[in-house]
Amino acid sequence: EDMVALLLPENVNPRWEQQDAAAFVSTMKEIAPGVKVEVFNANNDTSVQQRQAEQALTQGAKVLVVIPIDGESSAVIADMAAEEDVPTIAYDRMINSANTTFWVQADLEGMGFDQASHVIENTKDGDTLVMLKGSPTDPNAAVIHNGQLRALQPLFDSGKRVMGYENWTQGWDPAIARRSMDQALTQLNNNVQGVVSSNDGNAGAAIAALEEQGMAGTMPVSGLDCTVQAQQLMLLGKQTQCGWRPLADMAKAAAQVTVRLVNGEDFSDLAPQKVKNGVGAEVAYVPVGSYSALGADGVAYVIENDPSITKEMVCQGEAAATAFCK
Amino acid sequence: MQPDTSFSPIDRLRRMRETRLGSFVPVLLALAAIWVYFGLALPLWDFWSDPDAGSIRFIFLSPRNIYNLFMQSAVIATLAVGITVVLLLGEIDLSAAATAGVCAALLGVLVLAGIPGWAACLIVMAVGVIMGAAQGLLIAYVGIPSFVVTLAGLLGYQGLMQKILPTGNLNIGDPFVRAIARILIPDLWGLVMAGLLVLAIAALALRRQAERKARGLELDTNATLWGQVAFFAIIVFAAVLTMNAYRSVPLLIILLTGVTAIVGWVSTSTPFGRSIFAVGGNAESARRVGMNVRRIRVVAFGIVGLLAAIGGIFGASRYGSVSYTAFAGGSLLLESIGAAVIGGTSLFGGRGSVWNAILGALVIGSLGNGLDLSGASAADKLMFSGAILLLAVAIDALSRPAGNGAR
Amino acid sequence: MQPDTSFSPIDRLRRMRETRLGSFVPVLLALAAIWVYFGLALPLWDFWSDPDAGSIRFIFLSPRNIYNLFMQSAVIATLAVGITVVLLLGEIDLSAAATAGVCAALLGVLVLAGIPGWAACLIVMAVGVIMGAAQGLLIAYVGIPSFVVTLAGLLGYQGLMQKILPTGNLNIGDPFVRAIARILIPDLWGLVMAGLLVLAIAALALRRQAERKARGLELDTNATLWGQVAFFAIIVFAAVLTMNAYRSVPLLIILLTGVTAIVGWVSTSTPFGRSIFAVGGNAESARRVGMNVRRIRVVAFGIVGLLAAIGGIFGASRYGSVSYTAFAGGSLLLESIGAAVIGGTSLFGGRGSVWNAILGALVIGSLGNGLDLSGASAADKLMFSGAILLLAVAIDALSRPAGNGAR
Amino acid sequence: MSLENNQQVGPSAPPPHLRVAGIEKRFGGVHALKGVDFEVARGEVMALVGDNGAGKSTLMKVLAGALVCDGGDFFIDEEPVVISNPHDAGALGIQIVYQDLALCENLDVAANLSLGAEPVKSGWPFLPRFLRPLDDLEMEVRAKAAIDRLQVRTLRSVRAKVGGLSGGQRQAIAIARAVGAECSVVMLDEPTAALGVAQTRQVLDVVKRLRDTGHAVVYISHNMRDIFEVSDRICVLRHGANVATWKTSETTADEIVVAMTAGLDSGTNNAA
Amino acid sequence: MSLENNQQVGPSAPPPHLRVAGIEKRFGGVHALKGVDFEVARGEVMALVGDNGAGKSTLMKVLAGALVCDGGDFFIDEEPVVISNPHDAGALGIQIVYQDLALCENLDVAANLSLGAEPVKSGWPFLPRFLRPLDDLEMEVRAKAAIDRLQVRTLRSVRAKVGGLSGGQRQAIAIARAVGAECSVVMLDEPTAALGVAQTRQVLDVVKRLRDTGHAVVYISHNMRDIFEVSDRICVLRHGANVATWKTSETTADEIVVAMTAGLDSGTNNAA
């Protein structure tokens, strides 16, 4: 019986276990029922992720699908696997190794641009913004931030928007984001008109801080992933945007390539594009689309398009009382 | 037993440190050092070094930021109070933060399932007690060191929290739960409560002094007596007035103070509390005078479980959500133990106080709060917080009367 | 001084536990329990409960997995050996993992800057010593509790690591550094080295026994003597043969054993080591016999710094990269202290052994390794690892002769 | 070294209040008590003597429940009882001054004196006893009285931490704690070792007073003068085994010292 | 309570080897030593007596460097010296048996006996002393000899941990450690408090032997018999201050006891 391993980075963001892993496993069951999938979660510890890769190889994994914690320390995983002729797929986050076989991701830079654009559109000249950035060790966080700056830097430079406060969020930890937002509000004396948050966890934390000041719902707050929690906040009008990717499509693409690799078949028809990674290696690449969800319409779109999220899941607690749910 | 009458001022100072009040002094010094640094030194320095700046803003010491600081430190403080109890015993608890996480997660799931907020809180507190006491049983009756049991507890409870919260986080909208962190005590009420508290303390102190006289016991000097009352009054009124200046005193802070007062009273003024200190000072002596050392350990771990649960409720209320990282994954654990130790509680047992843990939590909280205001990079912040912490605690250590050299 | 001659077998067993070898027994039992669970019980259970499975695979006990397990536990073990030294003193070090991180990051930057690998390693080791000793100075001379100093060190060194590695991570390609984890000792050499080692131990034991006889001292029974040598021989050959069965003995493991042997020898067989135990047992007594307790503390923290640096080098070599999370952010710290404590070293000082720390590291390493083979969910894994850890250590605790009830 | 045995008396002379038989205790490879018999009656002071390491303290710890023995029987007024921990012993009315004092250095004198039996204020019936407010003034009053009785004049305050006290001051506190409690048996393990002349005098008087009030008293000491002053009978242990028991009035210090160091050569040992 | 002073002798009778003057020591609010003078000559045994809490142990700890005093001067052979820690005292040839023994319970008997002065094997010149291999067999041999000399017959093995020893066995180890070292001053703080009759005898003999070999010996005890047997002079402390110093041959136990408890009524105190 063939086996492949899926290595998740952490459990801070619900998407990995709830959406990506679930979609990958179910797709695999569909298209290759004979192949067993083992799922690991490294809890944000790179040495644990390496151990998990070793254990997967010891168990005889034929392919490693890795969402690395960071791009560098995952290189040894791809290299180690290559020594045993096992291919490695980088999922969502790139692995900076010559042995990376395949990568799947949306245009994150564009999604960062969308986040910033949304906040810009809903603020006016002279308004002050807060930027809650992602984990400094996640390569995606920098990419997202670059996209945000592409939209915002000219406005900062011209003084049309004021950068009031910015902070990184180690490990995407919402507790850290919460304190950042508290401090931003204190320092700016509540003179904040918009929050550019790099993902939903940070957005949720920012909204809790805003609520304490009675300011939740009065300004645009961006996000990423469209978690259930974020969609509830969107229905309540407290979060105003989230960037959504078809995670099921990403998982499906990864699964299809995985099956080809298990069977030793060529997969170039599935991945026509190539990108260069951090060590200059050409990696076969499949881009997926993305969507900037706004308000209740955005929630409706996501529920319709994301098979892992249902209306019942979103319409719970406070959100159950909103017009959308009735 | 005739008292020696020739006291130098230095003797008086040293004696002062041996009193109840005196044990506050070191950690208050540390806290003062940090507040002076962030509140005065840093803004002044910024002002001088940047000629463009229009005016100095003392943000750190503004009522609003002090209010924030108290709220930000509340969860750490609650856990630190509980952890102090087991440290007094000479044990350690690595699982307190994870216990708080499990309780918060459970709270979230319960209110979502429609259980009224107050009932959910009670259930969760009971669960916390059980989680703590279960570890206490293993420590006391099986004889595994508490470090190992609670390390296993940390792992197990982290897993449990993930089980309860498969999505990693959960919004908490329940009005009762949210109210804990949101309700404010009207300004006047706050002042009245503070006044009554100070009066009660003064009355108690006077009655005690009278009783001592009646029974022919050594008397505190009037200076000490009124000094303590005045000191207490200043702290209480300063805190209330500061918070009133921004908003009002939040219910959360009153609850925290109340819980600490109860735990503090139990630990210093009941036979049970006495036995905690006795076991921490010399477990074998405590056992030999007939104390049930094992049961005391189990109860102490039950208490830390209860406080972890309360910390979890406070956190859920304040964050408006429960997330894995806010409790189990982050730095809450080390910060809570650190707060207790900075408060002067010994890791070797028998020495410390729960009130000091609150001050220790403010020390830790001030670091993060102050550095986040300063706008330094993440790396600089970490390095600064290490350095400031050291400096603050060194001031305390150096101000202590010269010891014997060896611990 | 006439020896009592009426020994029951139970007495013999109890005496055995008091010998050097005997102190291994508890943690070996814990390790054995875990290995039996993952290696035999789990596969058998899977086999019976799943009628489709074609054949049983004992992956956990396969040479390949044992090899992995040793390599995976190497960094924890190195740090645990260092931490044991300060635990013996009755101190604690929370900054060891962060120190390892700083050293690994510095190593990466140095080799990137073109400094030869061996020179970079030496520099980094010196830096580790300084980082540790600096904390030791504050603890010994300023008198701040080690928990607080090293908590500040943890924060500061985490920041320093981020400063050195602005992106949080770095590939390490330097052939010298990578070689440490990659070089394998040829099979035959490994066996020869093992043989020589066992012979040397046997010769030493015999010479010692002869000297004891000559000086009229109590003799070990021949059974004890040869039992110890045989026990040692079995462990050494089993380890070498197992690794040869997969690949060969890795250089990293030889280095780790060598470093541990040196630290172990210093801690048990030199005046300095004796003074560590004395200070840990009773710091005031040690001071009164004229030991320089402060200097001993500083040196001990220097040693833990050195071992942290070595751990950093091992980690950098094995991970082929340096990342913030592998060292400073993750669970390495608690796991290393846990390994030392599971090895039987007391947090109160004066009792423990560095060799046991290695076994403790294997206990911790086996949990992650075994659970990763089991295919459970992340939450289940965490909960299982807590439960298995408890069970393993409880077996140890319950097998101990009944104590006095209090600690 | 032959010794006349006619001065020895049967241990059953007065009806024993506390009696143990065949007590066995091993520590790892050390056989500390080898089937020891011992007894003490109400209204008598039984001295327990023996060389260093003879097993006196071990026997006392077994009687006080601080150590669990490996074998042997316990009787109070000839009724079999179980003493498996210090709490049991306390409930049976046994109080003890341990040789190592068993004080808590982090607590003050008053707290140590009422350790394990703290007085609580009256009037909190709705709380379980261990959560009622401590009556710390009462504790101080009691402590002052007890310390004054033992004439420890240099002890300045009952609020001083025990960790800072002199050897004799500590011993006085341990004694005061044991003799201040309600009990029927008091065992004192070298209680005057660290005491001054005047304080030793007081302790000997206290011992006599305890005897006169019908307590059963066990007194361990290496000081033959004190032993012969206060005791009614003397029980000698050697290498963890009984040698014999004498009526104090019918023996001499020399005889006891010989028995302690060399034992009895002849086998007739009515205590075995 | 009037007392004749003609039996008192000036402390300067023999030329002092170790002399201190005006020693002050406070603990928080406790004034433990109030300008104490003290001296001891080579070849003499100076007894130091006083009530419990008089300050005897505190004075000894100051002389041994274990406590830093708040004021006072130290002289060895009338040369001023500085003693600021135990290491200094050791280097000046001062050895001490502490009242609380200062043993490490986690170490075995042999290790405790050579604590702080461990013998190392010869032949490792390239290593600093503190990293050379311990000569543990030598340690055992020495320990066995020392213990045998004090006749602690019940101690089974020098490899036993001190934590499991009886009170007397421990005290014997502390004494053996101090008297086994090279030194010119030996101070014993209640060394026989826990010892049996035979062991006490041995210690008194050791003290006399030390005097005869030209050591300066300070002997603290509450036992007047022992004091009068071994001492040449007797120094009395009361409430942390000198009362007076007597030649042993010219005073009586009663006189000393009165001085300890009540002091001298008349002001003439030649030691002040």
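To keep things simple, chains are lettered A, B, C, D and E as they appear, and every chain counts its residues starting from 1.
Note that in this section contacts are C-beta pairs under 8 Å (C-beta built on N, C-alpha and C of every residue); 3 or more make two chains touch, one makes a residue touch a chain.
Values in this document were obtained by computation on a predicted structure and should not be read as measured data.
Steps from chain A to chain E, minimised over paths through touching chains, total 2. Using mean Cα coordinates as chain centres, the one most removed from chain B is E.
Because chain D and chain E share one sequence, their contact can be compared position by position; here over half of the interface residue numbers appear on both sides.
The interface with the largest number of contacting C-beta pairs joins chains B-C. Centroid to centroid, with C-alpha atoms defining each point, chain D and chain E lie 29 Å apart. Between chain C and chain E, the centres computed from C-alpha atoms are 44 Å apart. For this pair, chain C with chain D, the centres built from the Cα atoms lie 47 Å apart. Between the CA-based centres of chain A and chain D the separation comes to 73 Å, rounded to the whole angstrom. For chain B, the set of residues that touch two or more other chains comprises 4, 162, 166, 284, 286-287, 378, 404-405.
Across the assembly, chain A contributes residues 11, 17, 43-44, 136, 170-171 that each touch 2 or more other chains. Annotation for chain E: residues 28-30, 66, 85, 153, 155-156 touch two or more other chains. Per the touch definition, chain A reaches chain B in the complex via residues 11-14, 17-18, 43-44, 136, 165, 167-168, 170-176, 178-180, 182-183, 186-187, 189, 201, 204-205, 207-208, 211-212, 227-229, 232-233, 316-318.
Taken together, the chain C residues at the contact with chain A in this complex read 59, 62, 64-65, 68, 72, 75, 162, 167-171, 315, 318-326, 329-332, 368-369, 372-373, 375, 377-378. Every residue of chain E that touches chain C in the complex is listed here, in rising order: 64, 66, 85-87, 89-90, 98, 102-107, 111, 115-118, 120, 129-134, 136-137, 140-141, 144, 147-148, 153, 155-157, 159, 177.
Residue ranges of chain D in contact with chain E, taken from their complex: 27-30, 50-54, 57-58, 99-100, 152-156, 160, 164-169, 172, 190, 193-200, 222-224, 239, 257, 260-261. The part of chain B that touches chain C in the complex is made up of residues 90, 92, 94, 138, 142-145, 147-149, 151-160, 162-163, 166, 279, 283-284, 286-287, 293-294, 334, 337-338, 341-342, 346-348, 378-387, 389-390, 393-394, 396-398, 400, 403-407.
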